[in-house]
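Some structures are shown below for you to check.
The following pair of complexes shares a single chain, chain A, combined with chain B in the former and chain C in the latter.
Showing the complex of A and B:
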């Protein structure tokens, strides 16, 4: 019952957040210089042409009315039409989003798979040289702009040591993308690096906290081996706060994919967004922002729920 | 610092009869002492001081022309008259590193501080108000966090090219969200303390409670948040040129040097990307290390 109430409250919160996001995106749409009309008709459009365009598009109505229209079209899954690609924004995003998800989910999985054991190892060897070295490396990894890291990766692994292609898989279907797995290596490394840095820190802190708990002492006194304590008890208990942070990390992952896709020419949503920015294709830009934000809100929601499933101690309202 | 201590007095122990206000000061002193023992944090501080001197005093000792192009001296490798070589229009790379660093550090510091100020005001107001006001204000923060900053910056770059002040404003506006959450949490723990309740009972206003009691008591949280915020802002500044929002020539910043050197790097001119890249990494690392050290020293809950 408490779980159900929590779920309902949490979903309602997410809906409110998404509504606020639509307001922000709507405001951005109207912050455009000369409005959307100037953007599409170009700098040489006459005032008359602009007025006509505004009338056709319903842009001459009061803002709250426009917002209601905007919400209504959104609910129909209509994100408008691209200025330059002559295609529905929803269709464009539907083609590109799965590819971006493949890249971000792969990066997240690889990142976590490395970060969790690394953080635990650091905690076990606290204040020893290994700990310092990994801490320093994670600081460096966190502080490196993704595009600089990507450039170094390309220079080293495609030019110096020609092991991987410098271009991400170009296939249209996900099957083709996975078939070209060699080409996924560098983009995934670029996307996962800062995640390893951040999450190994979280895991280190969480493990340290758990290692000082009474149950560890009890288990040790009972004769359990260090390895068994670590993996059977500490691991599970330390994972919970890390999973909670995963939700907050979703926007960072998407932000990273923006740069990674552009660097490795991977035709996902990030690249779509990038080319839309170059051509001032505002419907595409704002449609992408909206979809990414909704994906983030849903991601955070899932992480919260997952955290409750993993750890029954987490009570509603504590986070 | 030791000169302040009376002989035989243990640091941090208040001698009898001394006013309670001294407890706060010696608490800070203890924290600073803990900070000084953190080698990584002290190294971070040294790196920041080095780069501040390098960028702001360096040009006085090593003067170069960063406005005019010298087309007879383009793409020179490091060595000789140009310690770090020259770029595609003949600017001395070492001088450019100082010149660009000024903008990076200035914008990063200002944007980080601006973000902390906005976050502090928002977070303390929300936490203090409580109830549905708090809920509404925090949903706005959730919404802001859901929109990745890089996407917003790229949208802005499609709309306009701001100057340095505009850049600081935009970066501040996209990055105040995390500090607002931290300060709100801090406010929640403070607002039901007896001294706040007493202040309210004797007719003190809400704004007085926030300004005179909540914020001064959250100062360590705010300082720690600000340090991390500056680190993130300097990193964000590095993305700005890459996203097409950068400062306009003849001015530049480390991110601008890095992104304009990208193509040069493919043709082997590594000296155009390695120095600005390393500078960014070092400074961001340094601020993060300082933040870590301050957080541990002041025993503040915070990120990472």
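Showing the complex of A and C:
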């Protein structure tokens, strides 16, 4: 019951945040030079044509009224029409979003699966050579731009060691993408690297803090072995702050896919965003912004729910 | 005499034998010897108390006896549990001994348990560390252990998380873990320091009966001489890493030989208690002499709103007059600190009125309010946290002058700071040091200097000495008392330590669950309490006299149901 109430409250909060995002996106759409009409009709259009277009599209109505129209079309899944691709933005995003999700989710899973044990291992071997080496590598990985990292990966693993193709899977359906899984390896590595660097740092810090907690001493005094203490107690206690960070990392992941998709020519949302930015295709850009915002809100919501599952104190409202 | 009665696996030898134990910590600034030449034996069924002030090395000895010393410690000599040498034994083998041959109860029950694991599972883990047993069997034993340590409704409580238990219950869980495999040695490091006196009395009773039932040897580490008198058979006194005196509890507490032991016992504030059956002196509350300095009238405070709101104070009336000290006592959560904060203007009452120096504090705003509050000085419990680590001692003390005496020239300010530092008896050379370079007692004097620099008419002290050693506590309280005689400020003194309040305050206000339970002159109220609650509170304080304490304990245990409700468990 308490869980259900919490869920309802959090979903309502998420809806409010998304509504605020739509207001911002709406305002941005109308702040475009010449407005949407100029964008669609092009620079050759006469003032009369623009006025007629505005009248037909309801763009001469007061802004709040237009906002209601905008929301209504949004609810029908209509994000407007691309200036350049002559296709609905919703259709464009619907084709591309699953591919980007495959890339980002795979990167996140691989990244976390490496970062969490790595961070714990570093904490256990604190201030020993392994810790220093991994710390240095983390800083290098974190400070290397994804683009540069991708280029190096391509150079090493397609040219020097021809193990993987330099192009990501080009198939239209997800099935085709997965069928060509070998081609996914390099993009996923490029996407996961900064995640490993960042989250292994979080995990190292959280583990170190927990290793010095009194309950670890209690467990040792009860005869528990180091390995058991680490996995039974420290692991879960260290995971809570890391999980809390996950939600905020969603936009970073999308930002990374922007570069990775461009680099490996992977036709996902990042590439769509990239080309829309090149051709000032504002409806597409803002549609992408909206989708990424929603993904971020959903990501934080999932992270909060996950944290509630791990830590009973969150649920009880004490900390 | 208790030693020979019980027979265990090794009836002849001691359970714990430390021979010439030395522990040295390697730090960045070089090696620091923490413990030197410690030699002591604990026989089966015997309780040995290791006492001393902070930094004396008593906890280090306890950790060495568990093989739990931190990585930068190096142990020499010998520490043997049941004949098994610990020093030099590899970690994996030590783990096999911990929790079985020797186990430990820690000081802070709030942090000693894994917050994310159910308590039943934590106890079962200790069981399964040493015995091959199906999980279900271990879980059943864990419930049984919870029952033995007095947790009500253990089947259901076993599935609780630590945060769902009170402090006393958490300590019972830690004890359950410690006795899970019937160890022959139990090490208790300040097991009751973080608990209220009534809960402390229950935990000590529990430990005593468990140890007596199983013939367990107990190493009790504590700084509280009352706890020693209540629990120990023998006492070893530590000073700067060495044992300076060992003897039976009567010898050491009643007829100390070493000068340090005498000094230590001299500094312990003793709760004067009426002999059972003595008649009350009959004197009522003597009306205080001076003008009223602060007055809370029917003050209520609520924190939060809706069904989760907490009523922190209800109808609290409390006055402090010029020149007097009023002690505010009660268990944790009784609202004594909240009441002090209301007097400081830090917490807004939801009902009632607060007058400070005759002016209604709730009505005054802005500059007038600031001028009013300039007349109040405050000293808080934690001398480390209450001073800005980036300021020098002189800057810390001068800060109120910048706020309230903006027109002062820097020369005047410097003179004022020097004067007040001298009055709290801090050497002038310390003025330019950082607070972290000072000892706990010195830091608390800096707090005091800062509170007094504006020559306040009211000093609010919230547990000002509970983080300090007894000898330091005595010195700090003496300074406060002298300055009060000199300047005549009123003092609202919040403390959980009834003995300190008895010595320091003329009047006392006893709080319970946000209400005033009882009030009166300190002498009558604490010697002859008028309410059951205060009576239980006084009865639960262990006095540092083993003979007297034995009688008090017997008297307390005769009134059985009384202790429960006071503990709030």
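Here is the rule we go by: the second predicted complex is superposed on the first by the 309 of 319 C-alpha atoms of A that agree within 3 Å, B and C clash if a C-alpha of one lies under 4 Å from a C-alpha of the other, contacts with A are read in each partner's own complex, and residues count from 1 in each chain.
Going forward, contacts are C-beta pairs under 8 Å (C-beta built on N, C-alpha and C of every residue); 3 or more make two chains touch, one makes a residue touch a chain.
Values in this document were obtained by computation on a predicted structure and should not be read as measured data.
Participant: Does chain C touch more residues of chain A than chain B does, or is it the other way round?
Facilitator: After superposition, B is the partner touching more of chain A.
Participant: Quick one: classify A:236 as touching chain B (first), chain C (second), both or neither.
Facilitator: Only chain C; A:236 stays clear of chain B.
Participant: In the superposed arrangement, does A:198 touch chain B (first), chain C (second), both or neither?
Facilitator: In the superposition, A:198 contacts chain B only.
Participant: Quick check on the superposed pair: does A:144 touch chain B, chain C, both, or neither? Answer first, second, both or neither.
Facilitator: In the superposition, A:144 contacts chain B only.
Participant: After lining up the shared chain so the two structures overlap, which partner does A:155 touch, if you call chain B first and chain C second: first, second, both or neither?
Facilitator: It touches chain B, and chain C stays clear.
Participant: Applying the touch criterion given at the start, work out whether A:182 contacts chain B, chain C, both or neither, answering first, second, both or neither.
Facilitator: Neither partner.
Participant: So, A:173: does it touch chain B (first), chain C (second), both, or neither?
Facilitator: neither
Participant: I'd like to know which partner A:3 touches here: chain B for first, chain C for second, both or neither.
Facilitator: In the superposition, A:3 touches no partner, neither chain B nor chain C.
Participant: Do chain B and chain C touch any of the same residues on chain A, and if so, which?
Facilitator: none
Participant: Touching chain A in the complex: which residues of chain B?
Facilitator: 40, 139-140, 142-152, 154-155, 157-160, 231, 235, 238-239, 242-244, 255, 258-259, 262, 265-266, 273, 277, 280-282, 284-285, 288-289, 304
Participant: Considering the complex alone, what residue numbers of chain C touch chain A?
Facilitator: 66, 68, 91-92, 95-100, 103-104, 106, 108, 111-117, 122, 125-126, 129-130, 161, 163-164, 174, 177-178, 180-181, 308
Participant: If we count contacts the way the header does, which residues on chain A are in touch with chain B in the complex?
Facilitator: Of all residues in chain A, those touching chain B are 13, 16-18, 20-21, 24, 28, 31-33, 132, 135-136, 139-140, 142-145, 147-148, 151-152, 155, 159, 198, 201-202, 205, 248, 251-252, 254-255, 258-259, 273-274, 276-278, 280, 282, 285-286, 288-289, 292-294, 296-297, 300.
Participant: Taking the touch rule as given, give the residues of chain A at its contact with chain C in the complex, in rising order.
Facilitator: 213-215, 217-226, 228, 232-233, 236-237, 240, 310-313, 316-318
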